[in-house]
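Here you go, one structure.
Chain IDs A, B, C, D and E follow the sequence of writing; residue 1 opens each chain.
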Amino acid sequence: MSAYTISIVSIIGINVILAVSLNMISGFCGQISLGHGAFFGAGAYAAALAMVATASVPLALLAGVVAGSVLGILVGFASLRVRSDFLAVSTIGVNFLFVGFVRKQSWLGGEMGISGIPPTGFGASGNMIMILLLACATVVFSLYVSRSWMGFAFRAVGEDEQAAATLGIGAGAYKLAAFGIGTALAGLAGALYAFFTQFITVDAFDFILSVMLMAMVVIGGIGSTWGVVAAAVGLTLLPEAIRFVNDYRLLVFGGMLVLVIRLAPGGLAALVHNLFARTRKA
Amino acid sequence: MYYIDLAVTGVSFGCMYAMMSVGLTLVYGLLRILHVAHAAVFALGAYVVVLVANATGSIALGFLAAVIVTPLFGIAIYRLLYEPLLRYRPDVPMIASVGLLVLMQDAFRIMFGEQGVTFRQNALSFTTFDFHGVTISAVQIALIVTAAVVFAGLHLFTTRTRTGLGWRATVSRPKIAASFGVDPVKVRYLNFAIGSALAAVAGGLVALLNNLVDPSIGFVVSYKALAIIVLGGLGSVRGTLVASLVLGLVEAYGTIFIGAWLDRDAIAFLALIVLLMIRPQGFTGARTA
Amino acid sequence: MSAVLELDDVAIRFGGVQAVGGVTRTVDAGDFVGLIGPNGAGKTTLIRIIAGLLRPDRGKVMLGGSDVTGESTSARVRAGLALTHQIVRPFREMTVLDNVILAAGIGYTSGPLRALLHVSRRREAERAMEILGSVGLTGTERRLAGELPLGQLKRLELARALAVDPKIVLLDEPLAGLNHAEASRQVETIMEVHRRGITVVLVEHNLEEVMRVCRRLIVLNNGVVIGEGDPWEVMANPAVQEAYVGSGMMAHAEA
Amino acid sequence: DVKIGFQAPLTGPAATDGKSAQIAAGMAVEDINAAGGVLGQKVQLVTYDDQAKSDQAIFTANKLIGEDGVKLVVNGSYSASGRAAAPVFQKAGVVMIAAYGVHPDITRAGDYMFRLVHLGPPQGAATALYIGKTLGLKKISTITMDNDYGQATMDGFIEAAPKYGVEVVNKYSYSLKDRQFGSIVASVKRDNPDGVYATGYFFTGGPLVAQLRAAGITVPIIGSQAFDSEKFIEIAGPAAEGTYIIDSFDRDRKDEALQKFFTEFKQRAGYAPEGVAAITYSAVRLMADGIKRANSAEPDKVRDALAATKDFPLLEGNMNGFNSLHEMIMPIQVNEIKGGKFTPAGSITDLNAFAPPEK
Amino acid sequence: MLKLDHLSCGYGAVEAVRDVTLDVPAGSIFALLGPNGAGKTSTIMAVMGHVDIHGGRILLDGKDITRRRAVDRVDLGIAVVPEGRQLFSDLTVDENLTVGGYAHPHMRDAAKRERVFSYFPRLAERRSQLSGSLSGGEQQMLAIGRALMAEPRLLLVDELSLGLMPKMVDLCLGALMQLKRDGITIVLVEQNTERALDVADNVCVMSSGVQIYQGTGSEAKAAGSLFATFLGMNQPGRS
């Protein structure tokens, strides 16, 4: 495998973890979050600091997970107070606050970011394999959650919190759980990202990234794990595939996004579903 | 004087924010869509003003062209992009909207250049008045006056006119409103037309203020306006005005007093989050159960 | 008999409207209470306060002897309360069966961790089918709840309330939108529930059924209790007649 | 053919500079080939868009190495991209010249890395010298742009300022996206300093200077290198008068290459070249020169040849050479805007005052 | 006045009403009865133009309006009291009434409003309250009031008595009789079968989307057994 392929596959793995974890928050539990980049970033920074300090991979992974979920649970608490459509914008706010805060912190490298993160020692392909394994684990976990009673309760909370409460389902605890799990995984992805680039600046975790992740979830079909995985792979490869248009890359990318949604508004999951339904009828 | 200078900055900025976000709040109220591509409408307005002004030598003609072109563009967005997606969850049209914004921003870059466009003649930008040490520019005055007129007009429109009431009824229940004779299609067109025209005017004024329109001009709008409409209680015109002014002032003072810890964009969202924790329904939100 | 529900000087005000103005009442275990009163009397508001969906300005709510005033709705449901909404609130995107299974799984959904560790729903599905049968919704299990007509949604509300296995149910107009046959049937179900030892509080404007099944009536007007006691005695009270009952209905009922 | 890899931000927020760099690099290659190429072969440029982002820089670096087999690279992008790409190239033994990425880490990645622009902190230090000694200003308000370039440059200034008797009265900062500086302007007005030093790009500097002047602030304004664009004068209009730009270049210098570059660039791009364009052009020329001197396109040999560079003519003037960390050594040029034109206002030749770090 | 000619309609592929033919004479009260899910609401909403028409025609005064947009039907004098009230909940009581009269700008607005308040004094007390915060019964009164503001010639009422206290049911039925005397045609969906039969001139019973009985009010009253089966109308004196 060429170094180029390895780096692409690694990023695909990281994006799969991010998109699937966002899908748990926004797809399963209905809490629209447009700030997933912040949790990803928190994980990356924590892992980078841990790596610089101890050069221990397990510690760095742990640091990433903890940082992501701590920030996530804090935001989860905020989500208990605000209406759902307010939450979407508040999470955008969290993203901007995260970026704005890190920018000005010299202990986090400020504008300069953190460089010289020690290598994991697994080499580029070793890293890639670690990333892929963790991505698979995330997908399996997500599939399990959607089948468990937790996934069931998430759906109820996502649809109508008051009605859920009258069935004895405490919406608050579930929303916190969704945020906690989803952001812990985002933190994990952040740690992997820090291993991959060995250099991070806060610009990598901006609002645009969060929107991209939400696009993966929506295009995949909100709530469908497989759809989201497919969309994450597709949307990561797309900019690479259209590299030949060079100057017009964003133009084409934006256009594709509009087209895909216009043609398959229910996402890939719905598309596949309809296809099956049709062939079965025929 | 210093504090008054800051206040002038804050208020004029607040007025600009108000005009650019009111379209967004109107669309949200009617369709529950976060119309992110509104930022592209704002940028389009700015470009039209600059290009037409440079071609004809008249800034007024530039504004006239902008308030003709952008409403059509806004209506086109509704017809071609949102209407077919209304059946789906609101995140779906929102992502489509993001795609459109990305596309438009890059289209501006390709069509009008990375370097951006400046006014050939722009006496307005460099005209300032000095009141006892407080400086205020002609464009700032224009911003404040325009916003005052626009919002007074909008308020009267939505509370005193039948069309305005019909508009609000459609926001609440489109089908039933139609059953009483309020044409939902007309309401939506009107909505996008008004919102887009106001964004274009705001865009033009910002272009004058900066003497520069570059492809990223709409970027700030795309997220800050979102913060504003949430602060304003989503869908409320009055709330949007209040939130915009508050945000303008918070930024004006905040840049100086907490700018060392947080950048300006973050200040806006800090204000948002703090306020939401205290008043989860926004400034004016008085929602029914 | 022990009290399952106690209200102590409960009051709430919305702007200029004193929707509930200091209600102190006790409901004993096994009772079947009708809560009636004119439109806008504050019945729904009172129910929402008891369920914890609204926070009262003052007063206490006790369930089974313990003060739950500060507790969340879900905690009260776990403590044995169930309710139906006057304006129906099904999970529209779920099937009818899933709506009820979710309620029946209350044992699993007490907390996220517990919920995460359980997958099988077979037992709950069986119980849900049984309950759907008892409210007369057999045959609709696979449909999305959002597609059901109003009358069936009313029954779905009742089915979900029963599925959480409550000690006391608060029913807000469960008969509205049902015709006579359906209403009688729904009442049969409710009476069956009551026979199993569950306490019932029924808010209804269908006086005929109310008079038939309730052991005790509480009449609310303008947020305060204006009458209480044996149904026929309460109905004979001129104040109640004046505020609430029209000539037509009574004429029919007495005919 | 001899392939030279080229990374630049062609799309996204940094596209302004990326576009100029791309045009300039293309011109350099044409000029080299017109003069017979190198080693008897034509030079071919392999260009990728890195959006000024670190992960994109890693992708494209790997692609240049693995798919295109490139051994020599010019990085025409910002620091974030250069910093991410540098270790990748270093590890693969690929020579890279960073045209205008100013972060110190780029050259620290290893001995295959070169830089053709003054580091941020030395630029700042030189500015302090110029403000204190040449302009003789005592009290300065500073306005920092919040990105690595703006901040690093300002850090150098703040550190060096006391040495030249310059007192910083107040510090302000803004973000790359800001075009409105009302609060900062009002505060500077209150500070009433002898001069204002601002870091930023021409598209932030233009509105900033215009607004400072509109508020009646008449003291000298000193801007950082990236103010250097004719667009700056266009945006700020009459307010641009009297602005100093540190680390600029003399556009009227009687130098054939420079004048030819100017006219041709204007023709192609439709606007006048800025500093970024000039440096990128020179970087490609320097790479070709290195190949010639090494008489080989082998990276090891080219590296050694580049490290031995002496008195190479850049468009901005002659550079002295590289230090042990492959940082460029060269005097700093200052321009003042007069009559709507860049006019030379001396140069800072005390190389010790802004010496870049050594290994 | 209103004719449904072999009308079939539903939601997407779901067929809610199949092949219904009705004739509602001008100036009469027409009761549409049937158990839950019979298709009563769907029929009403089809007349308003909010349901997909699969076949058949809707005629008003002999004019085919099947393909007309909902907004354009208001001018023909149709108004609706929809199931579940469906008020404009962010508007005040007063504003809801104004929208009710939207199709006839400014025509005797004040007089019409006074008439509504005379039927429902409670609404007058609540004029500037947001309609979403009214109690269930108050909302029903407002829904009726709003429809009256449109000065309809044809009034469609879906579940008149839903959530109304007995006294208010009397009042509303009385109001309908008065409207009929004023020459307004009324289609009434009602679960309280006896009360509906008391006032109806004509009756149609639906079940599972098809019509199973049609006749005059008095005939219907006589056909007790049918009603007992389908509607469970109780025999007088049972309580």
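Brief remarks follow.
Going forward, contacts are C-beta pairs under 8 Å (C-beta built on N, C-alpha and C of every residue); 3 or more make two chains touch, one makes a residue touch a chain.
Because the structure is predicted, anything quoted here is derived from the model rather than measured.
For chain C, the chain with the farthest CA centroid is D.
Set against the Cα centre of chain A, the chain with the most distant centre is E. Centroids built from CA atoms put chain E at 43 Å from chain B. Between the CA-based centres of chain A and chain D the separation comes to 36 Å, rounded to the whole angstrom. As a whole-number value, the distance joining the C-alpha centres of chain A and chain E reads 51 Å. Within chain A, the positions touching two or more other chains are listed as 103-104, 247-248, 250. Counting partners per residue, chain E has 133 as the residues that reach two or more other chains.
Taken residue by residue, chain C touches two or more other chains at no position, since every residue touches fewer. Against chain E, the residues of chain B that register as touching in their complex are 162, 165-166, 168-169, 171-173, 175-184, 286, 288-289. Put simply, chain A touches chain C in their complex at residues 144-145, 147-150, 152-153, 155-156, 159-160, 162-174, 176-177. On the side of chain D, the complex with chain A involves touching residues 10-12, 47-49, 53-55, 58-59, 62-63, 65-67, 80, 83-84, 87-88, 92, 103, 105, 146-148, 150-152.
Interface residues of chain D facing chain B in the complex, by the touch rule stated above, are 11, 13, 15-16, 18-19, 146, 171-175, 177-180, 182-187, 189-190, 203, 206-207, 210, 214-216, 231, 234-239, 270-271.
Here chain E touches chain C in the complex through residues 11, 14, 33, 35-37, 41, 83-84, 122, 129, 133-138, 140-141, 159, 161-171, 173, 191-195, 230-234, 236-237, 239, going by the rule given at the top.
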